[in-house]
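By letter and in written order, the chains are A, B and C; residue numbering begins at 1 in each of them.
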């Protein structure tokens, strides 16, 4: 952020700098939008607005992914998250009825706010530690642009990370089985057992 | 050489395990013969050991240690299950397995009608195994193991008839008394380990003469503590009260454990540790004194009892007293010789008494017997032979061994005239009570005409005859026993003390006892009543066994019970129970307070998690 | 825009998500808050994968997405089941495990 201000103040505006400035300001704006959208998720009293804000947040993050040379992930983010998952959320909200949540200020909320505030401060302080690991990867943005994001990730996924990938597929299977059993076997409220 | 010795331990153990696992699936008599065959096999192996010992020169017969299994191996201490083969252990094993085999065979007939036939034989085999372990052990550890195991077998067999309350109580008493002895033994073993750094017989006995001065405090303490075990196991004063009660068990058990083998383990222990005991003349005097006093004490009590087995039990105590007298005055081989002859004739007497009880349909009171000589001729003759041997009638087995003890009581290293005099009295008593019992049982007319006594089957009488033959000729083995055992006892020669006068007195005492019995019991009722009247106070004391049980009850049992009751009231109910209850109650109260935290609300849990995260991050950042 | 910006944005979104989880009572919104937190982490991973010239971060983010999808689906099914039996939705009222 500081270098951005420095460059802005130095008025050294050739073509690349202007493009760079433009790109950085876009990133900045999108990032701030994402934060605002997430605030909206938490602060809106009605679940349906929360869901819409969440979609907004996810789209913002997807755009940021694009800015950071992760085109494939951006697509996945939009399709899976903003598309599938959030549609699911909206269905459920439609099914259950979106009731407005009353606002009250409780001790627990106060504690939550203060603790989370502390957490945020600490995370910011952790930022000051700076870089802990040297840059040693070989997959530079140029390489990705040459190969293509999806192909690069595919090669990486099916060569070095095949085991986590397969485990993830197993996890999805387990989730599917779990949902089927939740839906199929109706839950009966527990009663005290009586002797027959 | 001696490579088969493990079979002596293995065969009875295999018998015990087989019988106890098979339970009632084993055909009844087969189980009995199987158990007998196991013990017979052990006897044959022992004979083999004897033959192998004879193949060597006398000096080489010592210290053949066979290590079967290295059990504990560590720095500075190792414990092997090992077997010591030397003349003493083989001699003792001959008695144990030989007499044990005869008694096993006898039991097949005696226990024929019992429902738990197989269990009985399993226990008998367990006993033979334990006794063999005790005898064969090559160190004090396995000696104590065997010592405790014979106590266990004795407990199981005394209380064999678990539906009899007296039997169970007697078993408990025997066990407790034996445990008192075991404690002494264990402490002695610890002291031995402290002084010698090993529990191995060979090393301990080799080091003993140089490790201590004569009558050194330590050696006195060790020998006395060992003696506690020996006295408890051998029913010597003052730990003798369990033996008469132990007669509640089946008669073969009394013959095997409480006459022939287990109760003589104390004598064996003293003989085995002779190297230690020779360093402690004071202890030797104590052994001899206790032995001779027990001989008189038990003999006098035995003179007035009416239970056929109790009389023989007191006689056993008395005879073991003689053995202790012998080892106490320093003639170990004569003590072992008497141990052997005593095993013969006392097993014979018990088995014959068992035959009588069997024939009289479980009647043990000699006042209700009489005139059995016509009904049970074999039992009659064998019992007569046993009585003669026990009384020390000339030329029977008991004559040789007891005569030698009486003579040694005066002439041996630690002997003196007092021991001799007391021994003479005890010899007289032996003759008297033996023949009193004999006359009551077999002579005169039957006192219960409704009883129909019958002779026992041959499976019972054959062992009787074998033992009777041994009781007659066993005395001839005396010189052999002495020669055979002398390497173990440092090659001491028997300093024979020829004093014809003293020998005549001893024989006269034995015969005098017999004649007194004849005079009182064979000539009519008047003398008996007269004698009873004359000696009424003494008679009362004797009949009540000098009130020893009552004294123990008053001195030990009652105070302990009182303390127990007091502690139950105060410490148990108001102390321990209360505090335990309070612990439970307070825990419940505290947990009720703490359980507020378990609210079941996800958000509060999440809040706690965030708080934890904050704390951890604090550490990460600032530390 | 450097690594600090990425860190700042993801820290902010993460904290807001945590706040939402603690403060809100509607289980649906609580789930959305969880999604927020996961997204924050995803963003961090992708950003750093760019800075460190390594694809590991993106792979990691992909797998987190998978897990999140599975979690959301199962979680919503559970919420639905709870609603079917209790006919209300309030995280504070679901305290069957209260000790």
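A few notes on this one:
Here is the rule we go by: a residue touches a chain if its C-beta (ideal position, glycine included) is under 8 Å from a C-beta of that chain, and two chains touch if they have at least 3 such contacts.
Note that the structure is predicted; figures quoted are calculated from it, not measured.
Between the interfaces B-C and A-B, more contacting C-beta pairs are found at B-C. Using the average of C-alpha coordinates as each chain's centre, B ends up farthest from chain A.
Work out the mean CA point of chain A and of chain C, and you get 8 Å between them. Chain geometry summary: the mean Cα position of chain B and that of chain C are 81 Å apart. Inter-chain centre distance (chain A to chain B, centres taken as mean C-alpha positions): 87 Å.
Contacts with at least two other chains are made by residues 603, 607, 610 of chain B. Residue positions 108, 112, 115-116, 119, 123 of chain A each touch two or more of the other chains.
Listed for chain C are residues 18, 22-23, 25, each touching two or more other chains. Those residues of chain A lying in contact with chain B across their complex are 108, 111-112, 115-116, 118-119, 122-123, 125-126, 129. Partner chain C is touched in their complex by these residues of chain A: 1, 3-4, 24, 27-28, 31, 34-35, 38-39, 41-42, 47, 50-51, 54, 57-58, 61, 64-65, 68-70, 72-73, 76-77, 80-81, 84-85, 88-89, 92-93, 95-96, 99, 101, 108-109, 112-113, 115-117, 119-120, 123-124, 127, 131, 133, 135-141, 152-153, 156-157, 161, 164-165, 168, 171-172, 174-175, 178-179, 182-183, 186-187, 189.
Every residue of chain B that touches chain C in the complex is listed here, in rising order: 595, 597-603, 606-607, 610.
Partner chain B is touched in their complex by these residues of chain C: 18, 21-23, 25, 30, 91-92, 94-99.
Interface of chain B with chain A (complex): residues 603-604, 607, 610-611, 613-614, 617-618, 620-621.
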